[in-house]
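So that you can tell them apart, the chains are marked A, B, C and D in the order they are listed, and the count of residues begins at 1 in each.
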Amino acid sequence: MRTWLGGLLMCAVMAGAELSPRKALNLEVAKQMAAAAEAEAIKNKWNVVIAIVDEGGHLIYLQRMDETQTASVEIAPAKAKAAVSFKRPTKAFEQAIADGRYGIVTVPGVLAAEGGVPVIVEGRVIGAVGVSGVQSAQDGIVAKAAVDSLMSALGK
Amino acid sequence: MRTWLGGLLMCAVMAGAELSPRKALNLEVAKQMAAAAEAEAIKNKWNVVIAIVDEGGHLIYLQRMDETQTASVEIAPAKAKAAVSFKRPTKAFEQAIADGRYGIVTVPGVLAAEGGVPVIVEGRVIGAVGVSGVQSAQDGIVAKAAVDSLMSALGK
Amino acid sequence: MRTWLGGLLMCAVMAGAELSPRKALNLEVAKQMAAAAEAEAIKNKWNVVIAIVDEGGHLIYLQRMDETQTASVEIAPAKAKAAVSFKRPTKAFEQAIADGRYGIVTVPGVLAAEGGVPVIVEGRVIGAVGVSGVQSAQDGIVAKAAVDSLMSALGK
Amino acid sequence: MRTWLGGLLMCAVMAGAELSPRKALNLEVAKQMAAAAEAEAIKNKWNVVIAIVDEGGHLIYLQRMDETQTASVEIAPAKAKAAVSFKRPTKAFEQAIADGRYGIVTVPGVLAAEGGVPVIVEGRVIGAVGVSGVQSAQDGIVAKAAVDSLMSALGK
């Protein structure tokens, strides 16, 4: 039941409500990041899927280079989603397995293969890049190229 | 047990093996189709996800325009997959429902909303475009722009 | 907004569209491949499910020999799909696990049991055979018989 | 804890156990049924997937005719499974919808499209045929050809 006092407190609380500022990736930025990743892949003659997701893990952009294995159509966005939702590179999970911490395979959302890299701006994870198609360490190099290109464009 | 005669027959049968010729979409073509769809969407001030799949229903390309509802990230490729795997526009299913044929909602893979359009070259379905984000009839206009641009480029 | 110049550029870009040539399996070839696999299984008194999928991972043909475990009805096409979508025999995943690379169990689409073998023609993976029912190494022998019969018929 | 009396009762109970006799489809029969269905499809120039399942709903045989829509790879066995698990033709569900009983779309396993036909021998459903690829009434004609061929061979 509301009382006069309760109403007053409610007003006070609501007056203090303040939304959080965010910076977000967008399609234009995602296309530029993907172009940088594609250039790295072409340079190495690697065929890969490149996926870029937003802070919610939802795809902004995906492209499959010709002759890439179709399994990568699922894997690349899954790596990106894992990277953004755990706020870490998927390489960390691959390393954990290598260190004998096998239990993480039971954790929902874990994908223990390099190639998912978070996009970190001003200390916050605002998206991620996922790459799949070649060896996981190579996938990671392509994903890093996308993130590096953004950092460079932002002057960081 | 194999006999000499059995071996002979096997050879005779297998000598007749003949593969079927096909034509396939590729990333370069898919990017061009998506650019045509994006131009149509921008012209109309519509925010959409544009997805292009190959003959097997696997994504070649996906882009989400800024401010598009995130649900469309799943819907656009699902429309494309439905269009390619049923060899018809998803508008056909929307129409079937409008005509009272409700039973099709129980058929695996059916998606009864306009916006999935097959890519037909030389009488064969070789892929599809799926668009989602605005009214389904509007999604259909954007998807058609992608397919028309390819037909135009192929001189058909 | 479209301008005269924009329209011109669009035309110029789309004029370069070119589709990629492909060769595809068909039902006649798949039946012949399955017959070769079945002959190999009968010779060894093995009861198996034999599945053959196209480049997109979709079934063209499946048969279950009498007394085969019903689980293989799901496993055989899953092996074939894994082989075609990763462009490698599923034995590679079984070996990876044996080598201690446990992380791959978290990668979507991986099936770490021998018996899925890709069909490679002119350097491209155009489909796969999946066999399940006996020991995985035995499944692999039956699947290989199907692929070998095609290679033999194509004179390769 | 078992006692002398318990042991005696157990013996008595087990002596009365009697398994139920069954007749089952097998691969040889399934191939013959599929051949009859394929002949009917070819006669009508229809491209379809033909699936045959056992009493448990598990595939014995599946073939996809060239140029059949890939969606049918999932739909044909689903129709067969619905027919065997509900012991009725899937046409019954399509009719129910036509009669306004829309609620059945919420019933697990229902597939309201003609083309799934049970195989009934001596009053028992021992399997089913599922066909998909053309109009559902046409799918039903092809499925019936398979079942009719078996009935004819059994002299019924």
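Throughout what follows, contacts are C-beta pairs under 8 Å (C-beta built on N, C-alpha and C of every residue); 3 or more make two chains touch, one makes a residue touch a chain.
Keep in mind the model is a prediction, meaning the values are calculated, not measured.
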Cα centre of chain C to Cα centre of chain D, whole Å, reads 27
Chain centres from averaged Cα atoms put chain B and chain D apart, in whole Å, by 31
Chain-centre distance (mean CA atoms) for chain A and chain D, in whole Å, is 46
Residue ranges of chain B touching at least 2 other chains are 20, 26, 56-58
Contact graph of the chains (line, ring, star, complete, other): other
Listed by label, touching pairs are A-B, A-C, B-C, B-D, C-D
Listed in rising order, chain D residues that touch chain B in their complex are 66-67, 69-71, 74-75, 78, 93-94, 97-98, 102, 105, 110-113
In their shared complex, chain B is touched by residues of chain A numbered 26-27, 30-31, 56, 58-66, 70, 73
The chain C residues in contact with chain A across the complex are 20, 56-57, 82, 84-87, 101-109, 124
In their shared complex, chain C is touched by residues of chain B numbered 1-2, 10, 13-26, 28-29, 32, 35-36, 39, 43, 54-58, 121, 126, 149-150, 152-154
